[in-house]
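First the structure, then my questions, so here it is.
Every chain is named by a letter (A, B and C) in the order it is written, and numbering of its residues begins at 1.
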């Protein structure tokens, strides 16, 4: 964790656009939170033709959902939301009003990575956690 | 936002049923919350054959998950849950015990639409937010 | 509810592995929470080739996400996280560092099953709820 999921209409993205989005979202999250990149995941799926509706009628949507550990500041979240929107605009070319983004908190102890319950998002807790992972030979 | 996601077994829904569900969920949400319809999204995906289990054995499920801004009353949520269930029953014909629905809150400031952080779900905050969107030429 | 969703790279799991994972996750949840198995759901989906990234580069991930009613102890959650990790390791053979798991709380009244708002996770509330379901002829 964090995990970002990006859903777009079928056929909207090619491999290069997915690569640019994944690299961009990873960079934004790392710069805004100082989280180490090896733990930042971005996945993509597609909404099939006829499977997206807005206001009850068929319409395309570009949906980015992030799940991050609770404890970041609201300024950090706002920066991620704002920069991700600009990235999605630039890479997809989708109209602004079709782009929805969420960045949701979850308590660190609700998730695990490599079998290790996540640390609080503080430098001390993260350093101790990374030591544990390294001692177990589980560092990426 | 709000965003409702509906997952059904592969092949259960045709285009007409998706349209009826999307229109119905949009109407329910709009009537119960007074949210403007242009911001209500419904998306559909399918669970592939052999990919759904209940009690550890293969079984179909009809899963509707909504994410809405925090601040609605519990009566509003209960009405959405109850009416969505009746709608799903009617449109899918699926047995009641296969239908699970959730309507989860998230704080307004955790999400954006067209690049604008969502307003609190009050008439005043929403009016100001819509004015911002209009001024930026981003109204749907 | 509870609902567990497992996402794996396309082609990683065959039908037998999905069956073992579904049975194992169901058993873990039932043993750790005493929830009745007929209400435990596990669904699977696949990440298409080129749709998963870690640290901004293509990489496989095995992602398990559970949503459970709030009110369980942190020991219960930790046991589910720990045992699910061991199960995923054993059944998928995936490297530990590719496996991420979350078990997220939601308030009982935010979801329904067979049209009935979920009870608090206490024996008394659950017994009364099951009586209601049975009276309505909706028991699985």
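We adopt the following convention: a residue touches a chain if its C-beta (ideal position, glycine included) is under 8 Å from a C-beta of that chain, and two chains touch if they have at least 3 such contacts.
What you see is a predicted model; the values in this text were computed from it and never measured.
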If CA atoms of chain B are superposed on chain C, the rotation in degrees (nearest 5) amounts to 120
Any idea if chain A and chain C meet via the same residues, over half in common, or different ones? different
On a C-alpha centroid basis, what's the spacing between chain A and chain C, in Å? 21
Multi-chain contact residues (two or more partners), chain C: 45
As the complex stands, chain A meets chain C at residues 1, 3, 15, 18-19, 22-23, 26-27, 37-46, 67, 106, 109-115, 117, 138-140
Write out the stretch or stretches of chain A touching chain B in their complex. 7, 45, 47-48, 50-58, 61, 63, 74, 77-78, 81-82, 85-86, 89, 96-97, 99-105
